[in-house]
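Step one of this worksheet: look at the structure below.
Labels run A, B, C and D following the written order; every chain starts at residue 1.
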Amino acid sequence: MKKILVTGFDPFGNEPINPAIEAVKLLPNEIKGVEIVKLEIPTIRYQSLELIDQTIQAVDPDAILSIGQAGGRFDMTVERVGINQDDFRIPDNGGNQPIDEPVYKDGQAAYFSNLPIKAMVEYMKKANIPASVSNTAGTFACNHVLYGVQYLIDTKYPGKKSGFMHIPFMTQQVVDKPNMPSLDIETMAKGIEAALEAIIDYQAGDIVKGGGATH
Amino acid sequence: MKKILVTGFDPFGNEPINPAIEAVKLLPNEIKGVEIVKLEIPTIRYQSLELIDQTIQAVDPDAILSIGQAGGRFDMTVERVGINQDDFRIPDNGGNQPIDEPVYKDGQAAYFSNLPIKAMVEYMKKANIPASVSNTAGTFACNHVLYGVQYLIDTKYPGKKSGFMHIPFMTQQVVDKPNMPSLDIETMAKGIEAALEAIIDYQAGDIVKGGGATH
Amino acid sequence: MKKILVTGFDPFGNEPINPAIEAVKLLPNEIKGVEIVKLEIPTIRYQSLELIDQTIQAVDPDAILSIGQAGGRFDMTVERVGINQDDFRIPDNGGNQPIDEPVYKDGQAAYFSNLPIKAMVEYMKKANIPASVSNTAGTFACNHVLYGVQYLIDTKYPGKKSGFMHIPFMTQQVVDKPNMPSLDIETMAKGIEAALEAIIDYQAGDIVKGGGATH
Amino acid sequence: MKKILVTGFDPFGNEPINPAIEAVKLLPNEIKGVEIVKLEIPTIRYQSLELIDQTIQAVDPDAILSIGQAGGRFDMTVERVGINQDDFRIPDNGGNQPIDEPVYKDGQAAYFSNLPIKAMVEYMKKANIPASVSNTAGTFACNHVLYGVQYLIDTKYPGKKSGFMHIPFMTQQVVDKPNMPSLDIETMAKGIEAALEAIIDYQAGDIVKGGGATH
């Protein structure tokens, strides 16, 4: 493994800042000898995927890890699966608000991330950072990218790996949001770094460790 | 549409009662001229699906709606999709605790429910019962049945419909659980009844209405 | 004990209905031989207390139990203490929005309810209704009445008892409020009835049972 | 103002660490020319107050700010009032578990903090740290100290000021606690520092700004 592409969304909704791209900016440029290529992507349907596609062609990364904001979540969550459904609760930054449309008409119903999601969670927890597996990335721009990149791999880039991590609001975002969880941005950057180490260490396959949810 | 099979799980975990089967028991035997067939199923991997399969053969329902408990959720949730993954956080009632195993090796990565999930939510809300679409049924017995029944339809019973609803704890279950949401069991039974009316009214297709989640 | 006055607020904030007065309306007119006198009070600073004062003079109840809505709480909460502070986060129905003003300038810093609050919680739980002691009634109309009635007793009506219960949203109020807890209105009325039974049974003093909070 | 005494509790419950004393340790020794005296206190009924009393005599601080852990809270909370009630939900570190006993038999029902609590909240928010006023410090060791120190001031040390801040779990404490909010320990230390600046700047009286709760 020589290169990992790490993407972060730009701000959306009513937020002036997006912890996803802020955390990505704080990552080192190299982890365990692997180059970390950072990319800001627009929170716009398909444009996000087109930019990632172009960057995959330009950079040829072995793995793609995308990061997105999940306001309201408490911990770093590694997504298990992306579904072939765009159902945008709010418009994206391009004004798109599809309801129950497929991401790709010829795609599978869903794609599982082929990153070592359980190992990523374990590495973050070992680094004293709260983390867990998530079984839904929603139906907005994040799921769109999670599903879409894995579709690209399935159809155009065999052998590459991809996945998605949702991260909570950063603390400064919740100053005027009562009872809203957050994490420190540097803590989240360290979490992503730990997850990237797991990706590098577990290329042959994930650890076998429970990470399910009863619902 | 002549018959709908409605299933409810038996108690699991540390709960002496399961609101799923309790609510199912309270349903009328007929709704809008359609017979409602009620079935208690075991919270045991595959045994749940085998009993549903046998009952489909015996009863020949037009649709199958399964109900499960989602302790901690606030409202009635209609599941959008089941995934091909068993990752049991706790053992089921048969002692099974698979980690990251497929439900069916030859199944798709996921199946979307082919019930009118948006209409089901709308009908419940019109009946003054809190409801929403959920994008994950977890990775335990409930997702197992959601995914598995749709697999049965895909492979053996073309033309039939199926789906899953999670319901919160009933109020008496949370007496000793601080800060745990619940709904009244009769309210939940009325919610399921409203959802069944939507299934009957929207056989040709779902309404087009947003019901997505940003994450 | 011959009579208990039970008060419930009218709707405030953006709510068209207030479960407090709705639950009070559902109470029986007599419990264990004690007459239950019901009174709707305005969510207006001092006017609420003046109406209660007039009714105490007219009816001469042995105890006064006031009920208020606590949107966001999960269970029936019996308040332990009222504080001498009006700090209204929103205007009341009369447009009053005091900041850090005393309820009564010559009052104590706080008054503890002299109702058997632990027994009230126990009776509700025995009736399968989630309940707990609360150590704050806030600083709005509810605390105003809790503090104010006890002040009236302290200064004008020695020997009488009073207290306050907060109740969650009723279920129909949360249909469009995601992840908001609620209870069924009839369940809440039964809870208040159980609490009234405790008030009647424990006139000599409360039970000794833990009901504290670490914070 | 020349000196402020800042106290932090030692660990209690099942926690191996207490963010209260950890954050206190990170404070500077001087803020705006005022000496900051740090003191670890035991989570033991009365022993905590005795040590504070001795330290007041030895150090003669102008103000005393005590810090305690509030696991489950989301933000820095400045307590408004302490009540004359010990009702320990869990035993303290000395094995004491009083139920509904007064802190001091000859004390008032409650004491309001005479620190500028609204200014303290504002200063923390300006520093991008989530903060709010709290109207209950519970009925455990924290309320015991909040009430008790103000009692000491009322009876023995006229002219001094005191108050209490609850702080959430620090992030490393919640690694194995699902859906539990936390803040970074350095962020919390900065928050306490900002609150201390407010105490120094607003010795003549608090700002007039809403900070109430509807319940």
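The rule is short, and it goes like this: a residue touches a chain if its C-beta (ideal position, glycine included) is under 8 Å from a C-beta of that chain, and two chains touch if they have at least 3 such contacts.
If you want to know which protein each chain is, UniProt gives these names: A, B, C, D = Pyrrolidone-carboxylate peptidase.
None of these values were measured; they are calculated from a predicted model.
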Half is the threshold here, strictly exceeded: which of A-B, C-D or A-D has more than half of its contact pairs identical to B-C by residue number? A-D
Whole-Å gap separating chain C and chain D, where each centre is the average of the chain's CA atoms: 29
Please compute the C-alpha centroid of chain A, do the same for chain D, then give the distance between them in whole Å. 39
Chain B to chain D: how many Å between their CA centres? 48
Do you know which chain C residues sit against two or more other chains? none
Graph class of chain-chain contacts, one of line, ring, star, complete, other: ring
In their shared complex, chain D is touched by residues of chain A numbered 74-75, 125, 128-132, 171-172, 174-184, 186-187
Applying the document's contact rule, which stretches of chain D touch chain C when the two form their complex? 13, 68-73, 80-81, 83, 85-90, 97, 99-100, 108-112, 118, 133, 135-142, 166, 206, 208-215
